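You will see two complexes here that share chain A, one where it goes with chain B and one where it goes with chain C.
Then we have the complex of A and B:
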């Protein structure tokens, strides 16, 4: 690959210095599992300075602090899958992680990278939206914290990139274009409020194979029933089907306060299916497929959560 | 652009001046001459390029040279003489789990790491553990049998005498 320089930094302070120096021409390297592929298909990074943050200690580790799980951005998917804190306190993320690629990629890919890469098919993102997680970001202009659902910018071209094989990605440098990060910003931590055990949850992924494939549709949902068995709270997010990934509040607002009912679930998921279809002016097979999956898988998942059988993949 | 990268490969200290953003796969095959690690897809999906880095499998085609700095890397050649690896390889041979052999180095490395972490895997756990390694020849059945056979032998039990079907 062609690039200007490759700089490995060992502290956040050093990283900031490099980012200040290179500004828009900085490209962050974490696990590099996506970057390494994109670099082979096009000279995305020819004028860029690669800043390798993988050795920064402050970006490692998972710990609990005041009811929140603090996950360092360099935490690998493997580490998330071997963390009791994550398995018990952020089960949706745990389920999402099990669906990512294969063991070799999971050993190297990071949660920060999955977020910063901002692919619509990213599996952690819908789960983190439903978990109401936030991201801590650091750059030369300071630090900030945003909800995960404010990370992605709407990106209709990506919908045309069905199955989004990494090499063909339209965005070798997602910063600023696919997301609300500046090129000189680093995600330092993901902050996940511990999910109360009152919530039932499920993460569903549809892809061409049982493993090692790009998601064609993902669904993350969490639901809480009140003592009189009404839906007290429900949060839902879908990936790889809309131009961005966020909480689908219109769907969930129509469910709150009602008794769980398969027909009501179907009406809501059909409404979301229509939202998927409304993105294209003429019939598109992939969009049609995703709308149908959304409707049926969504209804089934909500029903299974509400009526007691949890569909565990 | 070249930088000095130092790491341990198959228990030998290695110091090379190379492109830090180049692929570890190329360093292993072309600079260091270990041809057991293969290039299948080049995009981190098939596992033919699997190596072990600091105890865990990675796809060397999506690993940059700089990521190996200071780390311990093991290729299939590095498992030569390892007792556990010998049991695994013997099981592969006896179960007919090797046809063209292209996926085999990656499969054996993934099997090795799987059995180290989980000495008594169920069939599903074997499938999961090898899910990053594709095989176009065998249809996986013989490979899964081989892994279970190796697990049995490593746990001290003699494998049942059975022909491969």
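Then we have the complex of A and C:
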């Protein structure tokens, strides 16, 4: 791996100093599970200064505060999977984490990294959108907080990256291009409102293998039924299929207030499938596949949530 | 990954016909294979696909042909199976289609046509030197997978479901060693030392299949000593040239070479003992770790010591040359291989019509490789072959663009992981003959051979149309697009 210098910092203050010092040439390193793989296929970081934040105490830990779960950006996927707070209060994220890569990657990869890398196939992002999580970001002028779904910038070129492999990624340095982070900013925390037990939810990942592969399609959905069994609330987000990842509000607005009905679910997911197809001038097998999965898997998942069987993969 | 040889891609045009009762009348398979930039192994691969192409079935009219074509693609070379898996796939998928047209179970169609001792192969070779275990392995798989019941049950239950189950069978046979026109010689160096311990040097490679263990076992059995007396040297060039570990020749050819050396050693020891004890050579018998010299019992160690003291050396090279089967290249008639292994794999899968994913539930893999030398190692070979076949059938693919492989590493070249593998039940049936060492035949490639056909047939059964998917792998996209108008609510 070629780089100018590798600097391990032990505090946020130090990290921000390094980012200010090197400006656009600074690159943050957390678990390095994306960065180190990218560095092997291309010398993305040859002129860069790598700032390793893995020792910063303020970025560690998961705790509960006023009905919200505060997750430090350096929290690994492994830690999320072993946290009772996450399992009980943010079950959708828990399900998403179980689908990420394989055990070795999960031991090392961080939630902050998954967000900052901003890959369309990132598994935590659709789940966090549906959980209505926010991200705390620290920069030289202080801290700001944004909803997760405002992190990613729309990136149509990535739709041409068929398998969305890490090594073949078109963006060695996502900051600014793939997301709304400034080069001198660090994600410090992910704030997740505890999901009420009135919600039923499901996270679905489709990959070429049952473990250890990139997602071809992901779906995160949460639904609440009213006492008279109408859809009181539903939130839905898909990954690896659109040029960005956010809540699909048009789809869900047309479901609210209605009685659960598989024809209605199908109409909504078919509409979302069309949205996938409309992104490209010529729909190839790759896009057609994702649109079809969106339509079919989406319909089935909504039906299963509404009619009783929560289908856990 | 860019430079190494890949498995030969094949295209087949298959025609198969049967009468109303399901008796096969004709089988025609015309193949084209992509050699890539170099001919390398293509002639041999093409020959295997063609000579074994009609399978272990009685078919009165057979035509199998293959053309290997030079292209500017990645060079094709040896890969476990060497043309047979490809040919089996084409045939077995066609047979399933035929069964559906006849309204017959694919199991019964195969059973009706399977070869028995004394029947002739597609090239007219009459197999009368061994009992053909093809029907037995077919029956074992069908029974242990509960094939008949599931075939009709899933066919009936699947429509309307988004998770659909399917079962698939594939029956095959494989010639051990290179076959006609390519002489094969096994050699080894076997030595009894002064303390009675035994050393074996054989050039065949241990690639994890347990070859050295089995060679050691054969040496021990042939010499009549305990297994722990035998040391097999690491794969070494200190052994006489014995060729590479390929063509499912290891057990068969290597083992026979060891038998030859062991016989020479026993003769040498007999000479020494009859001279020393002044007795008839015929009154000397080798028992386990012991020698009976006309009623007097010696340990093998003592006998070894005596042999050395008479100025003799109980160390010999073993030599075994396969009998060259007589085959007429011009007419395509005759004997193609000297020895055969008979195989059957059955798979049960579940497909998801919403995602195109295939989950493997159960696999039964049965083989007649004569006498099994080591049951545990045989099971390892069988299970390993089934898993490799699963990857081949469901997820492995080399995509080349302008002669370069697009997938350069295992993040994009998918092979099954521990979570992908279902239950695999290994089964062996034994019909030994006197051609192999202690009746053994080889298992290296037969354990993979029928796998591609079995998994593909199972996926097609789940899809509701036998012969639907006609190419490998049955990827996510292929399966999903084959589901037609399936909707998420099961329609």
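Miscellaneous remarks
In this text, the second predicted complex is superposed on the first by the 313 of 313 C-alpha atoms of A that agree within 3 Å, B and C clash if a C-alpha of one lies under 4 Å from a C-alpha of the other, contacts with A are read in each partner's own complex, and residues count from 1 in each chain.
The working rule: contacts are C-beta pairs under 8 Å (C-beta built on N, C-alpha and C of every residue); 3 or more make two chains touch, one makes a residue touch a chain.
Since we're looking at a predicted model, the values are computed, not measured.
By the touch criterion defined above, A:211 reaches both chain B and chain C. Once the two complexes are overlaid on the shared chain, A:170 sits clear of chain B and of chain C alike. Once the two complexes are laid over each other on the shared chain, residue contacts for A:102 go to chain B and to chain C alike. Of the two partner chains, chain B is the only one touched by A:54; chain C is not. By the document's definition of touching, of the two partners only chain C reaches A:265; chain B does not. By the touch criterion defined above, A:298 reaches chain C but does not reach chain B. Applying the stated contact rule after C-alpha superposition, one finds that A:78 touches chain B and leaves chain C untouched. Once both structures are placed on chain A, chain A residues 37, 102, 165-167, 210-212 are touched by chain B and, in the other complex, by chain C. Listing the residues of chain A that touch chain C in their complex gives 37, 102, 163, 165-168, 206, 208-214, 216-217, 262-263, 265-266, 269, 285-286, 288-289, 292-293, 295-301, 303.
Taken together, the chain A residues at the contact with chain B in this complex read 1, 3, 5-6, 8, 29, 32-33, 36-37, 39-40, 50, 52, 54, 78, 101-105, 107-108, 165-167, 210-212. Remark: chain C residues 162, 353-357, 359, 395, 409, 411-412, 414, 416-420, 475-477, 480-481, 486-490 touch chain A in the complex.
Those residues of chain B that touch chain A in the shared complex are 1, 3, 20-23, 42-45, 47, 50, 53, 56-59, 61-64, 66-67, 69, 110, 113, 128-129, 131-134.
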